[in-house]
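Chain naming follows the written order as A, B, C and D, and within any one chain the residues start at number 1.
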Amino acid sequence: METKISTDQELIDCFIPMKENRGIKPEPIQVWVSDVHIGGREVIIIAGPCAVESMEQLVETAVSVKKSNAKILRGGAFKPRSSPYSFQGLGEEGLKMLHEVSIKTGLPVVTEVMDTRQIEIVCRYADMLQIGSRNMQNYPLLKEVGKTNKPVLLKRGMMATIEEFLMAAEYILSQGNKQVVLCERGIRTFETSTRNTLDLSAVPMLKRLSHLPVIVDPSHGTGLSWMVPSMAKAAVAAGADGLIMEVHYKPEEALCDGQQSLGLHEFTQLMKDLKRVAQAVGRDV
Amino acid sequence: METKISTDQELIDCFIPMKENRGIKPEPIQVWVSDVHIGGREVIIIAGPCAVESMEQLVETAVSVKKSNAKILRGGAFKPRSSPYSFQGLGEEGLKMLHEVSIKTGLPVVTEVMDTRQIEIVCRYADMLQIGSRNMQNYPLLKEVGKTNKPVLLKRGMMATIEEFLMAAEYILSQGNKQVVLCERGIRTFETSTRNTLDLSAVPMLKRLSHLPVIVDPSHGTGLSWMVPSMAKAAVAAGADGLIMEVHYKPEEALCDGQQSLGLHEFTQLMKDLKRVAQAVGRDV
Amino acid sequence: METKISTDQELIDCFIPMKENRGIKPEPIQVWVSDVHIGGREVIIIAGPCAVESMEQLVETAVSVKKSNAKILRGGAFKPRSSPYSFQGLGEEGLKMLHEVSIKTGLPVVTEVMDTRQIEIVCRYADMLQIGSRNMQNYPLLKEVGKTNKPVLLKRGMMATIEEFLMAAEYILSQGNKQVVLCERGIRTFETSTRNTLDLSAVPMLKRLSHLPVIVDPSHGTGLSWMVPSMAKAAVAAGADGLIMEVHYKPEEALCDGQQSLGLHEFTQLMKDLKRVAQAVGRDV
Amino acid sequence: METKISTDQELIDCFIPMKENRGIKPEPIQVWVSDVHIGGREVIIIAGPCAVESMEQLVETAVSVKKSNAKILRGGAFKPRSSPYSFQGLGEEGLKMLHEVSIKTGLPVVTEVMDTRQIEIVCRYADMLQIGSRNMQNYPLLKEVGKTNKPVLLKRGMMATIEEFLMAAEYILSQGNKQVVLCERGIRTFETSTRNTLDLSAVPMLKRLSHLPVIVDPSHGTGLSWMVPSMAKAAVAAGADGLIMEVHYKPEEALCDGQQSLGLHEFTQLMKDLKRVAQAVGRDV
């Protein structure tokens, strides 16, 4: 109610139409995560387990996804779980494992930060900060990551409109940090056969309204590993600048979200298929 | 997670898992619309105006889309409109125009039937009967089209679950007509920047649960002509067996849904792009 | 998309604000169902089984709900069911039972009509025609009931906005039949602990935007008989002109919707509670 | 149909059914906010402005709502706003004003805390901590307020299921703080004529599944001040243990949410009407 795009008097950093109306010509930006850039011709693949569980799990997964051409490693150390009695993540120990594996493999690392008090420690170990779906409107957290010099992966809230999503990005941009990547990860609808409803129309919409790179998370978007390949290909065809996917070396033993995780072999196969689709739309993987 | 049909005791025609549980091995079927078949390797493109308005409009559009390789012509003669004061379609006159243009161009024709009393006359002129989104649970209508020998294009209700959609198909199949094509056309969610939210995950889900061909309508699914190409490509990448799209020779003058209609030139360009994406996933247009 | 209330050029019968803008002073109308009027000071209670099953069931239920002060009997003869293999209603035989019990008890009868071809026969036996949720946008059906002289109970589609609901009423009114009662019966949302989400804010909204009486169906709105009393009281407190509730003499044996049906004793108790709430808001039951 | 907590092995504090299955007899608890208790026979009214703006505004509003029998004063010092350029609240200065007015009027004070770093200062000035809708799944924040000895008002997330809502409460309870009040404040649906869809069925559902008091916020639930009285009465009729409402001495000048704020006179009138409805359901205001 309170934030009509059309009535706001301020200069909004992320809305291309608003900038153009004021005579400013915005250019699509590229976000750098260590030496990987998101927002260029190449579709960037981010892969790894839902949660960091052990060095063995992390190393095996990281080495394998790197071989298949993934460019960034994902893995949660602090996990937002619906129940307080579910596995909550390894915390700082998990961050250290991520950092170590990052050095071993050369893959930069993205991991979630859930609380303003965690930012300092997460910045110490991670190359990119992830703001999860449940925290998309955690404004103190958005402002604080906006004061860091780390690139931010901002996931859409499962019930957030496109406008609210861009406004959340604006909270980060307004503090000076312009390195923000938007991530569509499924919205909540009446349909229950999938975990969420992956809203791929968000990809062209966000790219039209803003200058920020847009990636897609087909793992959370569907909740079903057998459906991830179809939707990953669809996301690339729709114009996504990247994908973030859950990959586990033993999905059936995962401590969290095993049902939606690809195995190592499935991921390798998918990467080949994605390359063909990316090339069909003038890009590459 | 997966759709459960827990209570029904009957042998359900459209659910592959239920059939397999009973030891029956169902095969994907192909639906024939005149000499065009849907459900094979080729992705079938259905194109044409939202509503039949005049012979000039219909001929110019049909000739052009055929040249670009569309295989079936669409066009509404009976139009379901939210307001009783909006244009309601040309009725039988529109059907005659469709039939005439079909003969001229060789394109078979699909058009909507809204009432049991219209079935006879629509069958006289059309090659395929469309059941619109608002009538997906109009059970007397479903039963009656199930008694005809015309193939049926069944659109998903904008608030229908996957299970309800398959049950609606079952109403047709149970009457003896096995020639049913399912069409995802966007569901209603909280998001208002698009007309509906195109649920592309419905494509792999429907194909897994049933043996019926599945097509996608990116025109109604987005409501925005500039977004149709992105979502059309995504639908093909996700595994759709076809697309149905609104194309108008003068979108800005259309009596209905002009905002979501492609112009002739845009459609021609899109068909080239679709061919590349189809080939990238092992199919063709 | 196509029907903005604010831009329509026609005189819309059901929208009070539009009429007032044109200098017409609309008054709330009262709908007469035989000798019962809906839309006055009294909150009208409609009760009866989901489906007509037998004379015994119908008589026992009707006599009991009448004793508790229900004013209209409900009961389905033609049943819209998600599966074609579920019980579909007794058809004309059910209509005859309804008519006979109506004469025996003096209660007028409301029952659903699903198809234009059924209108004549339903009009022969019923005092009020019900358009079910799934048919709210079945425009040929709406137009045809608009040509009869029977009052119409129009249920909100589970996916219909307030505006679409009023436009559906307009399809009936535009044909000359002004005796329309609107019924809120729950909308579809992400929440699954109830069958639907009963949108009680629709009551004050519809009463502000139109001059038609508004009633509420807490049985379908919740799907849970234990919750019906709470929501029935809430509906009356919110300003509803009536309630329609499922009551069965043996809920556990009901052929349809037993889980949401009140038993005879529960209904009697509820009617006493409703009287107190109605009086607290200046009305009566 | 009913909420299932299928996987958790722990003893869940807030779920009555789970406790009963373990042979523990849970009793409805009462929450004490200073000398006011929520969860007893009396329906507790919490009123005040959306945001603290000035001493004049706060004093005039507080004195007036107290005279009308409100028992707790609300007012935001830290405001979660969709846009970073909207008024963000007065911060600590606002907290001091709340505290001062609380002492002047004898009304205890509830105010929102948005960040773990704010908890200490908010606890210094407030009698009850509010967790807002956007932070319902901000787990670090929930855990921290669970370690304080202040009662907590937990608002349902606009996209949260009943189960997720109870699990969020569990995050607080599991840390030792058992003084939690649940607040239904509207969920997000496809309907746009109201700001949210107030889900009053949540009241009986939450009271059945848990032993925590349940209150309703008809101001955010509807977004329309003219609709607040209808829905406030409906909430009390549905069994709510309290209401929280936005009241402003000059709604048209409010810095935030003026459209949904009652004026002082409207509030006074509503309190009289609420008393009658409360008594009709065996309670009082």
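Basically, contacts are C-beta pairs under 8 Å (C-beta built on N, C-alpha and C of every residue); 3 or more make two chains touch, one makes a residue touch a chain.
Treat the numbers as computed from the prediction; the structure is a model and nothing was measured.
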item	value
Far-end chain from chain B, centres as C-alpha averages	D
A-C or A-B, whichever has more C-beta pairs in contact	A-B
Chain centre separation (chain A, chain B; CA means) in Å	34
Separation of mean Cα positions, chain C and chain A [Å, integer]	47
For chain D, residues contacting two or more additional chains	159, 163, 188-190, 192
Chain D partner contacts - residues on chain A that touch it in the complex	1-3, 8-10, 12, 80-86, 114-118, 134-135, 137-141, 143, 157-159, 163-164, 167, 170-171, 174, 188
Touching residues (chain side chain B, partner chain A) in the complex	1-3, 159, 161-163, 187, 189-194, 197-201, 203-205, 208, 221-222, 226-227, 230-231, 233-239, 273, 276-277, 279-281
Sites on chain D touched by chain B in the complex	188-190, 192
